[in-house]
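Naming follows writing order (A, B, C and D), and every chain is counted from residue 1.
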């Protein structure tokens, strides 16, 4: 398989159609799902010439963690739906590639085991043996639950918290409704919520979402953890400013892969205005629709510090387990490097906004 | 059925194809019919985060009538074509949902009976027992006819008059011409025009349209009724200003579902300029192409006080009678509430214009 | 048949496929052929309300000739290819409809006979018995030939000369090349060039095109005829100004139905700038892509004094001879009148530029 | 065959599918391949009238070489893949047409033989017996290799060097990867690299690409040749300025037919800004997507001194050898002449930017 997109077709052959729909689908009419990929297609690259280098450093350092490339794993739920090893396999792939994994709170393997697998793999792999794992967090209305979750993530060695803020209620995936897909298959559960806070053994809590969450909760969180806090799902530039004012450490510009509110713009379309609002205060990451090295380079040129991929990792996992996820990451690495070279860039710092243009025939 | 659009397909199975064409069709090439839905697709939503509420008030109060949600029934003709109970069923659905029905002058049930059905249903339902029924009026060139019609609507308890001003002549529905659909089937008639002004018993007049109607007729109407007067079908911002100057109480921005002049813009495309022209003098309502909760929220964010739905109610009626119409309204209510939550809004007042953006790749 | 467009399909059934291609086709890739119709689709109408009239005068007076409607026949060649009576039938249809026919120099019936048929029909019909016939002229490099042609047209009673200036060379219709369609069938000829200037009896000259024609030829023509001179095929606003400076009486903004230079813009797209360049000095007419009454109204609102139709007349002729051409004209008249009424206009003078908007989703 | 595009279909019938893919394909998703043709489609021509000439001079003089038309052969590799005579046939076609051939360094016939064939053909043909051959050069990291290559080209009589600067690494043609097409068939080689610099007899070196090439190499080249130097593949306006500052003699605005970096804009879309950046300092040529005479005229009107064609020549060669290539050139010549005439131009100097407009409905 030569491209990331090919993995989806192969993955579909390996997956229960209901689970395929769960992963591929998005909110309502899936306008935003499609918009994310289309957004990159509406941008052109205008390369420079005669100023390149044979050695192109693709690494980024984020909150003290060095990633070997500017592509990280965005959080996605329920990896055991598509691969028996689940998040264990994913974590190994990330660690071997030397990149960051944002472990989902809705993981079918507990974060401690995920972290252990990552560390073991890192020792084998190219990284420095200290894999970068971050933890994606839904703030629970019962704050003691939240504290317990943070404690687990911290104990596991997670180096940052990525707080999802676009989910006051669950998005409406109509594919799931038609498929009557409401529960995980027997034997799978949100392991991070098992045996939480002295629950009776084996009990697994439901992830709660609350529309009552507010900026005060972010302030509260700030007081209850020393880890860097990133917010995932801020879209409005005014909220980006508010986030900075509340002292967050980073922002992951994301529309949840088009799974929450439908008809939200592609994240790449929002990026320039978002970056301008943040104005360098904190790093801005982006996910949504990244499928090609050119997509990564466009996002970086427009100001993203790194990009995340979600579904591509799942397709890789579903197609070939850990090796599939690894192959997806390596394809992206090769393409990013190739694109950087063809842009006449010696590294990521040369990816400046003037390299990106609206594609003719499109409109931003 | 999970979405409003699905009702159309089911309705088509239950309907005489000629009647289906009558409802689904529009003027000439149906450019405007399509434009109405497309207009919403050219808009994105840019939600806020961390400022929502578990209690979201969706109610609106218009001319003294409280509706439980900002979605009302726009006037549509001939409900008995698709459902034996006709407007009786529709009125019950509106009353049980606690929302406003604009009863069409071209009703196959007389407005008095429609109102009675609404009141009976309101006593059962969630509303306050006093359903809000408005009356859609074509001003008749014979003003004494108009007076008689107003008297009927007023006696029935209608709380506002919605005067259609986009019909100096009848629109050209070429589907009807091809189908030779010119008359209602035996046993159906425009019941509001039966036995008007001492006609011999059983006589039903034709609705007359006149290109000679002018703003003087609006002034005349103002003097002949104490009911609030809304104009339906004003599209040009200059006319919106004139309407305000003539003392109308509200405006329903509508292109008649694309059934009058073809190639008119989508109403949602006209809304911002229209709202600016009216400048808060009177409430602006909108209909045309509303199929999703996101459509409703976009219109409200851009300044509409409420939106109307037309064909969706007919699809509901045709698919499952009163229950179908109810289900359509409840789907929209659920979607509006869900969208409001995902926009980080505590209620309709939080739906501000900055939440709406032109969709990338489109042009307004 | 309810619409002009339907005539094309029916005409195709009646025509030799090679002749159908000749009429339907255009230059090269036929980009401009398609653009003409698409141009109207990129415009919306924004009607006024409550200011109409039951009596809508659609007549226009151009160079002393009154036409009962603002739709005239643009010149098209070789009517006998599609109908045995040829231009005789067309002329009768125009005269009975009381509108202007621009007789083509490339007519398969001599202009004298065409004019006689028009006069006879006008006596039967609604017009004043004095049909308006104009003559389309290709300036011949041999100016004596041109003088002879003008003399014929003048003797026939033509009231204006419409000089085609977009044809320094013949357009490249690749359908004709593929079909090897180079000559008229036996028994048909350009009758206006038969027996010209003492040629031996029966001789028919070829129409000559010359890239050497210049503005001096227009000045020369001005001195050799008292008839009003219109130029057909000026597209560039700078040339429109030059034409006015050379004293022409009118301009027919035309891209020759997309038959000369391919990739030229739709005429309706050029109209606003063209009208601004002419600035009221002379009437501007337009042809290209007019298929609906809304198209006519859009062109008039943007400043055209009248519009021409070309292929639609041929489709009418091919489908049903004179009656077909008549039906096409009457369909357009009905649609224009209907559109004027729905625009809240009392007549053509009310069709102002503010009634026209770029269609959302398109770009002009 | 009436059009250049038709040659592709015929060529495909004559070619090994793997070689067809090699020629037709481009980088990654081939966005830029398609963009090149689409770019011309997004432009309209707005012709002038009444100022033409029967004698239209289409010739251009570039760096002392007169070409009979403003269409030259851009460099393309491996002509023997599609025609046994390979570049011999191509060179004859160019010489007979009196136009410039840019011989590819990746030629399957050595440049000396190519030049000899061109001279022989020129003596037969319309040109002055002194055909214009330029040499396309990849600067080799081993500069002595580069010197040897320049010496060969100079000795062969090449009159300019066209240095490709968009290839720090090889583009990723995924069709080739799928087809496992990595090597030329037995019996074919890059003949310009055979027996270079005292290699043992028969040895053919690989063309090396290097991301380390820089503007200093251009300065070095300037000192090592007296031939005019053009750069091929500069896209960014800032680099165009730098190139001028480094004393290059011309620029060939090219995206390598979409074969290097994918998602680069169409060259015709970049041309106006590029020409403005160069500001007349040196001639700007363009290739990419030229298939019609109107394309050539649009490029010239927007400031290109001439345009190159690549794949069309290969399709001609594959379809009918030298005669096919000749026919492609002659079709383009006829179309350019025809378009110039229809634009009311007496020659290329009349092709001014005001003749070109964005096509309505598109966006640049």
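Following the convention adopted for this analysis, contacts are C-beta pairs under 8 Å (C-beta built on N, C-alpha and C of every residue); 3 or more make two chains touch, one makes a residue touch a chain.
Please read these numbers as outputs of a predicted model, since none were measured by experiment.
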Item to check | Shortest chain-hopping distance from chain A out to chain C | outcome: 2
Item to check | Identity of the chain that, by mean CA position, is farthest from chain A | outcome: C
Next on the checklist: So chain A and chain D are the same sequence; what rotation in degrees superposes their CA atoms, nearest 5?
Outcome noted: 90
Checklist outcome for this item: Note: chain D sits from chain C at a C-alpha centroid distance in Å of 44
Checklist outcome for this item: For the pair chain B and chain D, the C-alpha centroid-to-centroid distance in angstrom is 62
Item to check | Interface hub residues of chain B, defined as touching at least two other chains | outcome: 362-363
Item to check | Chain pairs in mutual contact under the definition given at the outset | outcome: A-B, A-D, B-C, C-D
Next on the checklist: Can you tell me which positions in chain B touch chain C when the two form their complex?
Outcome noted: 28-29, 31, 35, 38-39, 42, 165-166, 168-169, 171-172, 174, 177-178, 210-215, 217-218, 231, 233-236, 238-239, 242, 260-266, 269-270, 362-364
Next on the checklist: Could you list, by residue number, the parts of chain B that touch chain A in their complex?
Outcome noted: 2-3, 41, 43-54, 56, 292, 294, 298, 335, 338-339, 341-344, 354-355, 357, 359-363
